[in-house]
Structure formats: C-alpha cells, structure tokens
C-alpha cells in the first residue's frame, strides 16, 4: 500500500523504459555526429574565407576553455575564477617549445595540457579545503600568481612577449588558417567525447556527489582528496590545451595578455552562460563570448553597455544556462515518452556551483 | 567476534562534552541499538565510528583492527556503511544515481572508468543491475528515475538506506531510520532491517527514538545519557531499568511500544 | 579616376582604412587614440575628403586581446579589403599581428606602441609613431646629468615593456655620463598607491629622479613627493606629459618638474595644436584633450598628407610607402616637424626627436636643454 | 623607515577596508558577490563631481544627494537585475553583477568620457606627523570612517532585530518568510545599504585615487581579497584583513621589489586559505551531519 | 466557530499533483491532527495554508478571510505560525537569535521575554545552548528549537509539521502536554501533522486522514481511534 500510494501509473515496464533510454542515447550520438560533420564540411564551401576559419577557431578555443571550467565548476561544484592561469600555462609551455625547440603544434598542445594538468593537480591539493567564494578568490589569486610569474621571470619575456614560427604539424610547415581550424575541431571532438564518457562514468558521479553532498559522498567511499584533485587536473588539462591553441592562433604570447584576470572571467562567463553542468553548455558559451563582442565591436562606448544588457538578459531567460533552456523541449518530449512507457517522472536539471559561503 | 568496538571515546566541542568515555561493542551478525535522550551524543558517536569526527581520546576497533586514523572514505572499503540523521542526499540527482554512488568503491580503476573502457562498462551494468535489486527490496523501484529532492521525507530516508546497501557492507550504522515514518511504514522497515540481518548477514547498529522499532529488532541495546554509558542489556532488561525509564523512556513508554 | 590601378580598399568615392582599438576591456582609456584619429578623419571628410575621396575610418574593438586582434585584422584585410591600417593601439596586439599585416603588404601607420619588436620590425610597410623608449631613456640620463648636475638618480617605472625599455636605455649610458642609478622602483599599471616606492626611493637619497610614468601614477608620485616634503628634481617621460598631471596632483606638487615630450602642449599657441583641440571639442565634446588623442592625430595626419601628395589616381600601397618616405621636414601636423626616412621600420619614425618642457607657474613651458635638443 | 612603510600601508589598507566592508554586507545578506560594488562608488564619485563643479553645491549637500542617488541605483539594480533571477544559484547572480559592471562602466565612459578627472574637493594637503611618520589628511579621515562604519555595522548586525533578520534571510529565505520577515524588503534594503556605503566610499577615496570609469577596479579586487581574508562574514575581519593587506603589500613593495606588491596580497590569501579555509574570522564551524 | 477552512484545495509541484481537492475545517480553539502515509500531501497542505505553495484551485479561508494572493509574511501577521518539516532552523544564528526571529512580527517586549522563558522552561537544554549556533545542535535539540521558535510567535493558529520527529519518547509526551496547555490557556488553535498517530489522536479533538492527496477519512479522535482501517494503516501492529 505504501509504494502504490505514490505512483498512479501502472507498474513500470522497465524493459520498455530501458529501450527508450538506449534510443535517446543513440539520438544524442546522431546529433553530435551531424554537428561535427557539418563543422568539418562547411569550410569546404567556396564562400568560406580564411578569416572565418580563424574566427571559428577562436570560438572553439573558448569552447575548450569553458569545457575545462565546466569540469570543475559545473560538474564538481568548485567555482574557479582562475582558469586564465591554466590558459597561460598551456600557451607558454607550447610557445616556449615551439620558439626554442621548433616543436610542432601537436606536441605543444599535449605538453601544454600536461603542464597545466600538473600544476592543476598541485593547486587541487593546496586548495583541498576551500569551497564557494573562498575557492573563487583562491583561484583568482592563482591567476594573479601566474601573471606575476610570466611578467617577471626572464624566460617568459614579460610584457614584451615573443613570437612563434608558423604553426607546423607533423612536419608540415605552416598549416594555414584552415589547417589550424581542423586541428581545433578534431581537438574539440576528442574532448567532447571524453567529457561525454567522463560525465556518465562513476568518476563523473563521484564529482557530482562531492558537489551536492560532500559528507554523504565520503561516507560512500568517495575519496575527496583524490577526486577533487582529479577534477582539478582534468579541468586544467583541457584548459591548458585550449591555452596552447590560443598561443598558436596568433603565434604570439605576452604577459600583457595573460597577466590579467579578464581571460579567467571570460571563460567563466562562457561556461555559466552556456550552462556549465551540461555537456552542450560550453559550446553555446564559447559562441556567446566570442560572437557577442563581434557584433558590438564597432559601437565604441555602447558596446560595454550592450554587452552588459545582453549578458543580464540571457541570464534572466536562462538562469541555468542557455543549453538548459534549449534542451527543455527535448527533455519534456523524452519525459513524456518515458512516462508513457511506464517510467515515473524523470527529470534532469542543470546547475552550477554549491553555496558561496561554504568552507569546510 | 566483534564487528565494531570502541573504548573510552571522549569528544568535546568547546565547552560541550558530547561523548564522555563511552565504550561499547557490536558483535558480528547482531542488531544492536543505541538509545538515549536528545543531545546524549549518539550522532556524535556515530560520526566518530564512521571517522567523520575525530575523538579526543579513546580507540575504535573494526574487527579488532585499530581504525583511529582511517579517513571517512576508507570505511566502506572496510565494509562499514552509514546513513545520516539529517538526510544527506544528492537532491538534484535521481534515486538511481544516489544508489549508484553508494557503490562507488566498486567501480574499479577510476581511469578505466573515466574513459568508459569496456571493462568499466561491464562493471557499470552490473552495478545498475544491483541498484535495481536493492530498490526492489526497499519497494521503491518506481522511483528510480525521480529526482530525490522531489521525494517525500519518508522515501528519502529509504534512499539513504539503499545507498548504504549498495556498497555491499558488512556493517551498517543507521541513524534514526524510521524518523518520519508512520507505524505501518515503520513495520515495513523493521522487516527490511531484519531481512538484511538474517538473509544477508549484515551487522546493524542503529540509533532510534521509535521504541516499537528498537525494542522489536535489537538483540542488544546500549543506553547513553549526557555522553556517558548509562545502561546496556537485552531489550527487556533495558526496558525494565529504572535509570533508563527516568532518563529516557518515561512512565508511559509501554503505551507507545 | 583610373580605378583599375588602385589597390584594394580604394573606390572612386571612398578609401577604407582600419584600426583596432581597446574600446572595452582593461585599458579602454587608451581608446582616446582612436578618437583622436577619428576626429581628424571626420574633419577631413567634412572638408570634402581628399582628392574627391572620403575616408572611411573603421575602428573595431579588440578588447586588447591579441587573439581577437588577429581575427579582427584578418577580417580587415581579407573580408573588408582595407587599404591601410592607421593609428591602431596596443603593444601586444600589434606585436601579435604585425607579421601577418606585413606579409599581406598592408601599410601599418602610426601604431600606438613602444614595444621593441614593433619599432624595429624589418619591413618597409611599418611606420612607427614615436621613438623607442630606449633612446628616450638615454636622453633622460643626459638630461639629469647636464640640467640637474646629478651624480645619482632614482627611477620610478611602470612594470611593462615601456618601463623596462627605459631601464635598458638608461643603463646603457650610465657609464658614459658617470651617473649612478641608486634605486629603481616599479609599479603595476593599475596600482592604487605608490607610496611604498616613493619612500624607498627617497631612502636612496638620489640627486635626481627619472619618472617613467603615465599621467595618473605620475600624479600620485608628485603627491607623495610633496607629502614627504622631498624636493628632488624630476624629469618625466613623454607619455606622462599631460594636463592631467597638475590637475590631479595639484599645481604646486608639479611645479618645476621637467618633461620630455613628442607633441607640443595643448597650451601651445601652434595652430596645429589649437586645431586639434577644436576638432576634439567638435567631434568628441566629452573628451578632455590629452596627449593620447594626439597620438591618433599624428598618424592620421601623416596619412592624409601622403594621400594628398599621391593625387587622385593610382592609389596603391606601394606608392603610399614611397610617398610617406618622401615627407621631409613637414610641419603641418601636431608633430612639430615630420621627416620620414627610407628603408624599413627603424627608419620610418613619424616622430624622431624629443623636446622638453618644464611645468612653471601653472603651465608647461618650452625648455631648451644646454645641448640644444 | 619601517614605521613609514607601515603607516603608508595602513593608509592604503583603509581604502580597501571601506570596500571590503561593503562587500561583506552585500555578501552576507544576498550571498552575492557583487562585482558592481566598485562601480557604484565610481558612479557616486562622478555624480559628486558634477554636483560640486557644475551645480556648485557645497560638500555636505553633495554627499547627501550623492548617497541618495546611489542608494537608488542599488535598489534599481536589485529590482531590475537581481530579483528576476533571485532563485538561481549564486554563480548566476555573480555573473549578473558582472553585467551590471559592464553597463555602469559603459554608461560612465559614454557620459563622462574615459579621462581621469580630479576630484574638486581635496583634503588639506599638509601632511600629518604621527609617531615620526607622515600621513595625509585624506587617509586619516578615511581610516576614521572605516573604523566608524565598521563599528556601526557590527552593532547593527549583532544586536538589532533588523540586523539579525538580514542574517536570517541569508541563512534560509524560505523559512524567514515563515517567520513573517519581509524577505523582499530586506533584500532591497541590503542593496540600498550597498549603495549607501558605495557612495560614501566613492566620495571619500576619489580625492586620493582620482575619478575614472575604472577607478575602482583594483580597489575592488583588493577589497574582495580583504573580505575573504577576514572570512567573508565578518565586518571587523574585513577591516583587519584590508589593513593587513595594505601593510603587507607596502612592506613587500619596499623590501622585496615593487613587482611583487600585487602578488603579495594574493600570496597572503592563498597561504591563509590553505591553512584556514574559512578565513581569519570565519564563521563558527557548524556541523553538517 | 470555524477558524480555518480549506475548500477543495488542489496544488501541484510541476507535473506532480500533490493535493487533489482537500477540504478541511478547523474549529477555533481545537487541536486537529492530520495523518497519512509518506507523500500523502500533509506537508503540502500546511504549505498551502502558510502561503508557501499556491493552490491551483480551491481556497483557504482564515477567520472569515480568504488568503488568496497573500504572501507568507502577510499570513504570519494574521496570526498563523508554522513549524516546518525538517526543522529548518537558522543554522548560522545562535539559539537565542533563532528564538528572537520567531517573534519577528511581535512588538510587545515583555510578552516576548515571557515566552522566551516559557520556551526555556520547556526545553532547558536550549537555555544552556543559548549562545551556540543553531546549526551545532543535535537533531532533537534542533527540533526543540524549531518548536520553541514557533511558540515565540504566540500565534492564534499554529501549524506543526511532525513536531515529534527525532525526539526522545519522554520528551514527546512532555511536548504534547505542553501543547495542550498552550491550547487551553491561550486558546491557540493547533493543526498537527504527525506520523505518530497514537500520540496525535490521543491529544487531538479531531483528525483527518489523507491518502494520495485526498481526505480519506475524518472524524473525532475517538471515532478515528475506533476505525479499523485507520488503526491498521497508521497505528501499526501493536504488541
């Protein structure tokens, strides 16, 4: 009588529900496949010029950086205002390698990512006990710290910076605008695949558990030290790779660019506006953060104002991120289908950080 | 053999002494109860036993192994799971996910898991299978996809239990499992607890203020008051103990139980 | 017009030139440069343009982020087909795109940057605006030595390429003039307070101070100096020479301070300066005239002068470079005199010489150093 | 020498302190990190310049009008921006205040230009000598105000019914409603208070740091660091944190080299948070299980 | 005289229809118990009264006045206080500050003092813990604080959502005794949601049993205590 009291629907047809869920997963795959195929094919159209490829590559770089943020902020609930620091680490690692060793783009990206991951891992350990706004300020401090280093340690050449040779890949000298775009695109595809796997894995579940109820997570055997550090490491790796690409897109790095918090803020905004707890969020966020200024860029003083208005407007319409709103109709559709198949009222929900004041 | 034993546990917060020299033991395969007035230190003791709270002095032994320095997350690997008095669940996630997180230590190598390697996928399937079985046992198979924050209070307590079970424990600490349940629901949970103990051989240590539960399922009961041991014995002994009656049960208790 | 012979960006009626500006972002106050250039082009257009063509001056926001600058400049050149890039702003942004711009044979005229790379770039397409901080640093030491008779100097500098290049220039001639650098204190671009630095400098007890500061920090320095009652002679670098300094710090705090300068002061009766002031007032009434506006004017004016000299036909980028190189001792702009050399960027400076002023009795007055600079 | 460095550090710290207090007030009562807090002050400073210069008002009348105007701005921000998204998580609110920051920056730049302006009323420039150190009148007045505001707010939150209600609203707005606490009104009041403090701060520090759209950026960041340093909930903590940061920065600038000045504040905060994740005066630890 | 009347109230959370038409009548000065299984809609019923949940249809009438469109804090000012489910004490406020917030709408200083004393007599531990943060209390102590805070409002109608949750047996008896006394001495009307049907019906005059969002049975407590179905479902198998 107790169980029956809650469900007015007939006893669930679990097999039908499972089949439906499998179909939804398949639909996700098809959607992603079509999206990436389109992104790969569009540049082949004759109307597409080199500058568009560069513009698109910049969007992808921001998407990647925001994906990095989303691992921490969206999925693990640790707000970071310091990912510009990882962007810088990736950019400088790769830039130094290519400047001094003539390393190619791929090894630069990998090493940039790994270096960021290494430092991310350390940072995760140092900040083990921080949460909420304390974490935000701590990571901000990290970004400033990286800024001070690249500004003052001679090898980074401070604000004067240094230029890189043209981007080469596997010995192909100067892969050009389109070559660079494809490198970005393939990286994005791989990272997205990884994120998909991560979020649905037991590890992703452990991240979320730490985000939503830390004590309960620990009592279930989730090692806080390990998983927080892992989240930091993965997050830093992805953003580090984005940083390497960010250095190479202009073939130039300088402290004037990276010793500054605005990158950190922009990446965070991209993650939040898109919806940092959703796989598709960073895609929208990346487009947002690059393309909104693109449309306002000739408006001088008004562009500041318009940017603010657009940002607030988007947040009002989609407080949990644009991806959340965009996904709503699909979610509703699937929910109805599930309900028909006999499942109860399943609902997913996007969310970002925990409480701002939390410290251990 | 003793599953869990503690000796002379003392914990204080500033001026408040929450546990004062408490000693007790939970024999393997038994159901042991812990009762005492509000603020007696029961939850604090549970926190100590599950290593969420450091004790100022005393020792804890799990199967005679000293666990004074273990981390909370290591306890499930040893075979100890717990539930919380103030429900501690992942509200934004489904019941299924909440149960699965309980099985966290069974996912194997996190790096294989993270990349969804085939072995990891097999493990995941078996975990989901088990989660379904647990849900069925607790009569909540229809709520697997419901977000936990939308469940009524009594169900959330049950999800807590399900999560603890998912870790395949030898010992479960239950902090007020039937608070917020009516008598019929209490009966049902009592049945479940007894099944867990008899059929799966899980040792159970529970805190509860509902005497119909405590007196009917426990093999042995410890009573604490103001952080100190007050009495212990079989339910009948405890119920008859004058100290326990005056400090905790009250004269009318037989009316309620 | 024989438009067939014209290069991209030039039509019968118009000529498109572009620039990237930090309209938003961390140093948006430097967008003044773009406004200065724009005011000049608006004026030129109101006068009917040049040789029958109006100037379409397109300014785009790059937020001072080189990655964005790159996409912006690629669009300028590939999509918009702009003829030249005139009076853009930023060291890092320019350093990031200068390879690309020159590889497309597009002239880059009067960029607001003092970064070494941009000033010494081995390309004929680049026309730097003002002399390197290195040269200026050398002259500042000479000034301290010969005007103040200093044997020891202290330096306050901005912790960025401008300051660091100044240091290099200064250090290169210390021996030559027999001057010792007894303290060098840096500050960050947006630092709230420079008192720690000033105290440290005062402690070193130098005969004179070289202040490599932008207007706001310079003002803070003079305020602090006055507060400490420290009457050391000071010479300030050119980008700190602004009416802002006495306005912010108070006149008496700045009394007697020397400044190097590349543009004449807005108080100068020179008609070119007065005209610039008028134009700013007309097209950007909110702006308070500032040296950074003049940076924009300088590039824009030199560019329009070259365009005028090229005549209506055959407007090509190559000819633009040739024509620019032909400008000698031209006094028509806010720069007292423009002489552009032949060759690559290091020979192409629009402004070559430092001049000097001293702040006396509430205004900037010309000052002729002993060596007659 | 050391004395002078410390005194100058205290002077700088008092600039951060005022902002840090405002940060704590808004944070405690709305769980929002208000990025526009500095720009409220900036708007206040600009409005004050106009009132003083263009309308020739006297200093005190200016303060009153200016405070009213910025309080209105605070309330407007709450009504138009924060209230519609009040139910979102704090990160969304934080991002929205970034939007407000953009708008105020843009509006100020558009109306008043990007130039740095001098504040017409400056303090008596003759320095004051204390314990063999010099400090300007402006800074002294600042320190005095920081202390006074700190004390008043501390008492307000600790002992008055409305002050406690404000904290209750932060703790759990839903339950606060059940107590009959007018939650919306209290939130509005908080923003008015933020505006009040901001205007005051703007007028007090404008003579020292000059007036420009970005005048408060650096001060705000340091204000945050100070607030976090003090534990984010504690007003005395914020003030002490600010003074400590001011002093540490100045000492680092004087003895280590000035490029390490900015880094010092952050190095301090990182070290502190590593060992005391709840800040110096963090709230009493409460149990979670 | 009827103090509170719910007429055919329907309420839902998104797709979940928690109340499917509930009608309840609470006499002034009565103690009314609300029983039902987990998820029956008991808490939701209280929330619609206090204005936390808006009915989709039907209405709530209090003291002859419809509560439609009133905000929770207006409703509190009319004299309805709620002790919410799950304690919901202010964790970052001290015990005495929590109590003070319970009396937020009151102005009579003396009366507030007096009530605080009453709470301290009822729950002496709270007096000991007066300066400690609410969040540091044990579960049962928090429940006491929540009850105390509700009493501090000195309401005409007090809604209690599972007041005995997590309290020791001895204390449960004490609390109900105290509630009866308050009911008698002050005439405070009580609407109590309780899982412990025994205790509830023993102390109440009247009871409602909810089932899946509907009133399944109602009657005086004697009637309900005699009702077989009720006894079987909610009072468990007694030994």
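A, B, C, D and E are the chain letters, set down in written order, and residue numbers restart from 1 in every chain.
Here is the rule we go by: a residue touches a chain if its C-beta (ideal position, glycine included) is under 8 Å from a C-beta of that chain, and two chains touch if they have at least 3 such contacts.
Nothing here was measured: the structure is a model prediction, and the numbers come from that model.
The greatest centre-to-centre gap from chain E, using C-alpha centroids, is found for C.
Taking the mean Cα position of each chain as its centre, B sits at the greatest distance from chain D. Annotation: 47 Å between the Cα-based centres of chain B and chain D. Centroid to centroid, with C-alpha atoms defining each point, chain C and chain E lie 75 Å apart. The distance from the centre of chain C to the centre of chain D, each centre being the mean of the chain's C-alpha atoms, comes to 36 Å. Annotation: 39 Å between the Cα-based centres of chain A and chain C. For chain D, residues touching at least two other chains, in rising order: 102, 105-106, 109, 233, 259, 262, 283, 288-289. Within chain C, the positions touching two or more other chains are listed as 24, 26, 28, 31, 159. Under the contact definition stated at the top, the residues of chain E that touch 2 or more other chains are 16, 37-39, 136, 233. Those residues of chain C lying in contact with chain A across their complex are 23-26, 28, 31, 58-72, 74-75, 77-79, 91-92, 95-97, 99, 115-117, 159-161, 164.
Touching chain C in their complex are the following residues of chain A: 49-51, 54-55, 58, 61, 151-152, 158-161, 163, 177, 246, 249-252, 254, 256-257, 260, 262-263, 293, 296-301, 303-304, 307.
Against chain E, in their complex, chain B makes its touches with residues 13, 16, 36-39, 42-44, 85-86, 150-155, 176, 179-187, 209, 211-212, 216, 247-250, 252-253, 255-257. Contact residues on chain A toward chain D in their complex (touch as defined above): 73, 79, 126-127, 129-134, 136-138, 140-142, 144-145, 148, 151-152, 214-215, 261, 265, 268-269, 272-273, 276, 301-309, 311-312, 315-316, 319-320, 351-353, 355-357, 359-360.
In the complex of the two chains, the chain D residues touching chain A come out as 27, 31-33, 81, 84-85, 87-92, 94-96, 98-107, 109-110, 221, 224-225, 228, 232-233, 259-260, 262-263, 266-267, 269-270, 273-274, 277-279, 282-283, 288-289.
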